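As structure tokens, here come the structures.
Presented sequentially are two complexes of subunit A, the first with subunit B as partner and the second with subunit C.
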Partner chain A sequence: MEEGGVNVIDLTQGDESFVKELEGLGADELRECIQCGKCGATCPMALAGLEFFIKRIVHAANLGLRDVLLEDSSVWGCQSCNRCVEICPMDIKPYEVIQALRRAAIKVESCPANTYEGLRNLYKFGHAVFPKGFEERRKKAGLPEKPPTALSYDELRKKYQEVLKQTILEEIAPFPLD
Partner chain B sequence: MKKIGFFLGCNIPFNRPDVEYSARYMLNELGVEIVELEGAACCPAFGTMPSVDLVGWAAASAWNLSIAEEKGVDIITGCGSCYGSLNEARYHMEKHPEIKEQVNKILGKVGKEYKGTVKVWNFINFLYEEIGLDNLKSKIKYNLNGLKCAVQTGCHNLWPSRAYPTNEDNTFYPTRLREICEAMGGVAPHYSTITDCCGMGALRSAASEKSLALFKKKLDVIKEELNPDVTVTGCSSCLLQFDAGQALLVEQKKLDYKIPALHIVQVAAIAMGADVEKATAQASIPLNGVITKIKGGN
Partner chain C sequence: MAKIGVYVCHCGENIAGAVKIEEVMKYAETLPDVAVVRNYLFMCSDPGQDIIKKDIKDGLVDRVVVAACTPRTHEPIFRDAVESAGLNRYFLEMANIRDQDSWAHWHDKTGATEKAKRLIRSAVAKVRLAEPLEDRYGDMEKSVMVIGGGVAGMFAAIDLANMGLKVYLVERQPSIGGQMIKLDKTFPTMDCSACILTPKMVEVAQHPNIELITYAEVDSVKGYVGNFDITVKKKARYIDWDKCTGCGVCTQICPSRVPNEYNFGMNQRRAAYIEFPQAVPKKAVIDRANCLYFKSMDKTGKPACQICEKGIPPKGIQGCPAGAIKFDDKDEYINLKVGAVIIATGYKVMEKTHFKEYSPHSPDVVTAMEFERILSATGPTEGELKRPSDGTKPKTIAFISCVGSRDERYHSYCSKVCCMYMLKHARILKEKYPDIKLYLFFIDVRTAGKDFEEFYVYTRELGVKVIRGGRVSAVDVKPNGKLRVRGFDVDLCSPVELEADMVVLATAIEPPAGTDELGRLFAATCGREGFLREVHTKLYPVETASKGVFLAGCVQGPKDIPESIAQARAASSAAAALVIPGKIKFEAIISEVDREKCSSCGVCVPLCPYGAIRLEEYKGKEKAYIEPALCAGCGVCASACPSRAITFHGFTTEQILAQIDALAEA
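Let's look at the complex of A and B:
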């Protein structure tokens, strides 16, 4: 879509197999959408001004616009807040469409770098969010340097890694699972 | 004595351990025994496993849930993402036995099993239902002395309600956190953007400026309609936005006022006599006025 240009969707770009793929990845009610716009009216992505917010995303997904959806970063700005799920009169579960899109994007490595960073941290430390300097912060709050989580128990962390190795992470992770 | 498994997640132990300290202090004062969920990992947060695969998400969540099951306790968490992710994964496994079966195949390889017996609480619903407002009131040393609170329940503490074991009567008009603040002697009126998102989370990572602009809109309404002493959140991510995010807006000269921000467990812990230095160790916006007001109450 060119800036300032006419907002035209080329329907010949639609790919039916992409709709099917999304259905298989969790967006199983996708086709029931009536484009009422309720999800969009409550979506923080729309309020924040992201060009592709949930109503348009569901529409584009229904049209099978694979390239548009995998190239646009909006789906990664979704807050997972589930307002759309709560409010959708057709029970599409629009947020699950977002998840399906992300799952499709990851398969073709079309996702932001921080997604991989989160996954790497999750695998390595057991924590997706793992900011530097936490030991000092914990001491200041009168707590031991490490929390009693997977981070503190090597054996348990290894077991947790074994769990993750049996998931799809083994196939899609662009970092070694060892 | 009531027991509860304290699920820490990531943001609380690593970014805001003052919330962890406060939660521990508060639960202790309330006579609730904390059971450590040794080996628990990330919930996992929405941008990681849930965005990769449904079964993988459920397996990573079930790892955590099974730790609580082994210890025979329910779970409590102060982070909305943890509350959402654990409960949603649980919901998916309940709805789709085949997912649970696959998860147990995975967990079985490391000698674990997920049964589906554990309940996941957040602090708002736990204080409201399990502790009770009168009981809470009886446990505080300093009442909030009319402290005006603008509450932020947090998206994940409200939706998707189908996945949650307990919730507000009307999730688009939440009152529980307001009632909790008022039970401790605060004033917590409704305001028009009470259910608006704070902009933290994926939006903050994907479109930082837009996220902060969205947050500023909410803050401006809070300032204009309530002009509160403090904002009180039910979620650690909201706290990060209301505190550090707000400080960033001030630094960027996009905001010309400051409203102190606390998580509800910090407010309760301070009211119960916690060490204020520890309970607010990571606060970016100065809290002096708030503490003075609370300490002036009795």
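Let's look at the complex of A and C:
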């Protein structure tokens, strides 16, 4: 809601079913958060200046502020370092909240475009991110063209794709699963 | 000639670290009449005291100066030591070379040493003129009055009565029970408040040692510790309580309806009423101000209504079946003599009308105490959650904490129980109606108590939304009748707003009306916030400045039920310890009037903060008299007396002047 240029968050839009959804997606201890802020003090992304970072994300999730969270790309900035999980005194596992939010976001296709790129790569090549265009140089250095990772094992990758097809990805993937 | 012993204490490093002990001792030896000078690491320790005792027993010393810390804490110890060695206990003087010297002048060793010399010189000058004084004893009435029949007063009364003491329990309302009986449930155990308190109320009423005097107030107080003469005004009930059976007929047929105070005006009662269903004693009273009989009598001289008495015969409605209605009832004054008093008059919650920003005119904005009644089975909605404006069930409720507390415009203090009772309300609601949306706006959550934090986390798990740093700035009534709540959420770091069906204000806990006057009757003082003040926050938490007057419960400051009860039982123990021996020791350091010298000017009378001085007939003239039992030894009268007729024993004019001279000496 816009008011005098300041963004006022309308708590009435808070949706308890969103809280329950997140709990179902792995953030089971969400409601126990007492907002002590310890996670925020260790989070590298909060230190890096992401505005909506960990402590706020958990609180907004608790308030069921679906739109606020889905419209903000902060959850996708999490580096999965798990420092927050290690130090959380209430054992909320804040990283699990991030994961649950990502799961919820991807269901409604509310994620940054590069997320899909990564997802497609993961499906196709077994890596979300991997070095491309180094085949010639590798050959010159006497290495195999492809590194000995998923990239080199087409057989196994096919099996992996079969497994993925049986997951929720089947429903929500914004690209064809061939 | 006096033989003065000077004992210099090091107080570990506290004194010795700043004051050159050797130098001070050498100086003390040169003072007039000083026979012995010694020092020790801790004079207050047993070996330290033994040094003094030995010198007295050996006949070296007959006056003692201890140069050490504060007499506030240590004088009694040294007086006992002096007395046990055979000297009068008032042949002791302390020179405070710690608090007033070494601590204050820590970085100036030379200055501190010089000051120590001066202080000792002054103490020596005073103790040379010391007169032997004797402690006196008076008789003690073995009974206690407890004022206030809430949970604190009731527990104090029961404890005292169980010790075999006669207890008078005076309550302003028709029934005991206080504020606690109005609560629905109590945190953190979620006991039903009425269920756990009602048996206690019955116990109070039935205890053979407790005389329960309800619908009554303390009118005047005379006397002093051990012998209080208290006049209690029993308000006219207009119903003969000896006859009234509590059947409630009058409360059903009375035609005059007024807002019911017990439910904070959210429903109505009759002019003839029983305070609440489980009232103790269960007796009806007629509210004179609203009774049609009295209204018309005052106006026309003729009664217009006597329905409670006579019924409505044509309709077959019978009047009081016990014949208890007594329109000619009068206020009754009774005199009681007690040894000690416990004041436990509790608190009241602040009204919402002060807070214009929270739309107090809206019936859907209620105080937490009103909300408590809405939740209660004996409340105006019989425990059903209903919006006061239209009777619908609210879907969203916002709670606002610290309304009037932690607010310099109203009360600077924290009311202590609000965080917890807001969580309690949330929990009651969420357990009953899981779909209800609850938003709790706190400045910060204060749940310091046994099992309180666990209660908080559990309540959060129920899906209650906690907004911190969020004292709401405004509540507005929207055209659709809903309430818009505006606040700030520190955790989101964003302004927030909300549409609520109801708003509950956790208004501050205040001292009840008349606390100041009641305190004054007993010469007990109120603090800045209007609560009665304990003598010492840490060491004497239930004593007042007035001897024999004790405090229990919220009249001393906001507290929860367990704390109130703990304090009540502490107050009853303190009162019993005073009363049971049957004797009371009076201070020897008190003022006395030489009536031959007294010029009857009366200056001293209003100056005395303890009400100990009165003018009374002596040889045909009004002369001042100081009641030794009441005198607290402050000395105000002695310093003010223009005729020098008042001697302040232990601090005679000669002693004080000698002290000043010694201090002023170069």
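Just so it is clear, the second predicted complex is superposed on the first by the 163 of 178 C-alpha atoms of A that agree within 3 Å, B and C clash if a C-alpha of one lies under 4 Å from a C-alpha of the other, contacts with A are read in each partner's own complex, and residues count from 1 in each chain.
Note that a residue touches a chain if its C-beta (ideal position, glycine included) is under 8 Å from a C-beta of that chain, and two chains touch if they have at least 3 such contacts.
Please read these numbers as outputs of a predicted model, since none were measured by experiment.
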| item | value |
| --- | --- |
| Contact breadth on subunit A, by residue count: subunit C or subunit B | B |
| Partner chain in contact with A:H127 - subunit B first, subunit C second, else both or neither | first |
| Which superposed partner A:V8 touches (first subunit B, second subunit C, both, neither) | second |
| Touching partner for A:E32 - first (subunit B), second (subunit C), both, neither | second |
| Partner chain(s) touched by A:K55 [first = subunit B, second = subunit C, both, neither] | second |
| First (subunit B), second (subunit C), both or neither touched by A:P148 | first |
| Which superposed partner A:W76 touches (first subunit B, second subunit C, both, neither) | first |
| Partner chain in contact with A:R138 - subunit B first, subunit C second, else both or neither | first |
| Common interface positions of subunit A, toward subunit B and toward subunit C | none |
| Interface residues, subunit A side, partner subunit C - complex | 1, 3, 6-12, 14, 16, 19, 31-35, 55-56, 59-60, 62-63, 90 |
| Complex contacts: residues of subunit C adjacent to subunit A | 396, 435, 437, 439, 445, 456-457, 460-463, 465-468, 486, 489, 491-499 |
| Subunit B partner contacts - residues on subunit A that touch it in the complex | 25-26, 44-45, 47-50, 73-74, 76-83, 85-86, 95, 99, 102-103, 106, 111-112, 114-115, 118-119, 122, 126-131, 134, 137-138, 140-143, 147-150, 152-153, 156-157, 159-160, 162-164, 166-169, 172 |
| For the subunit B and subunit A complex, residues of the former touching the latter | 8, 10-11, 13-15, 17-18, 20-21, 36-42, 44-56, 59-60, 63, 81, 84, 106-107, 109-112, 155-156, 158-162, 171, 196-197, 199, 201-203, 205-207, 210-211, 213-214, 217, 275, 278-279, 281-282 |
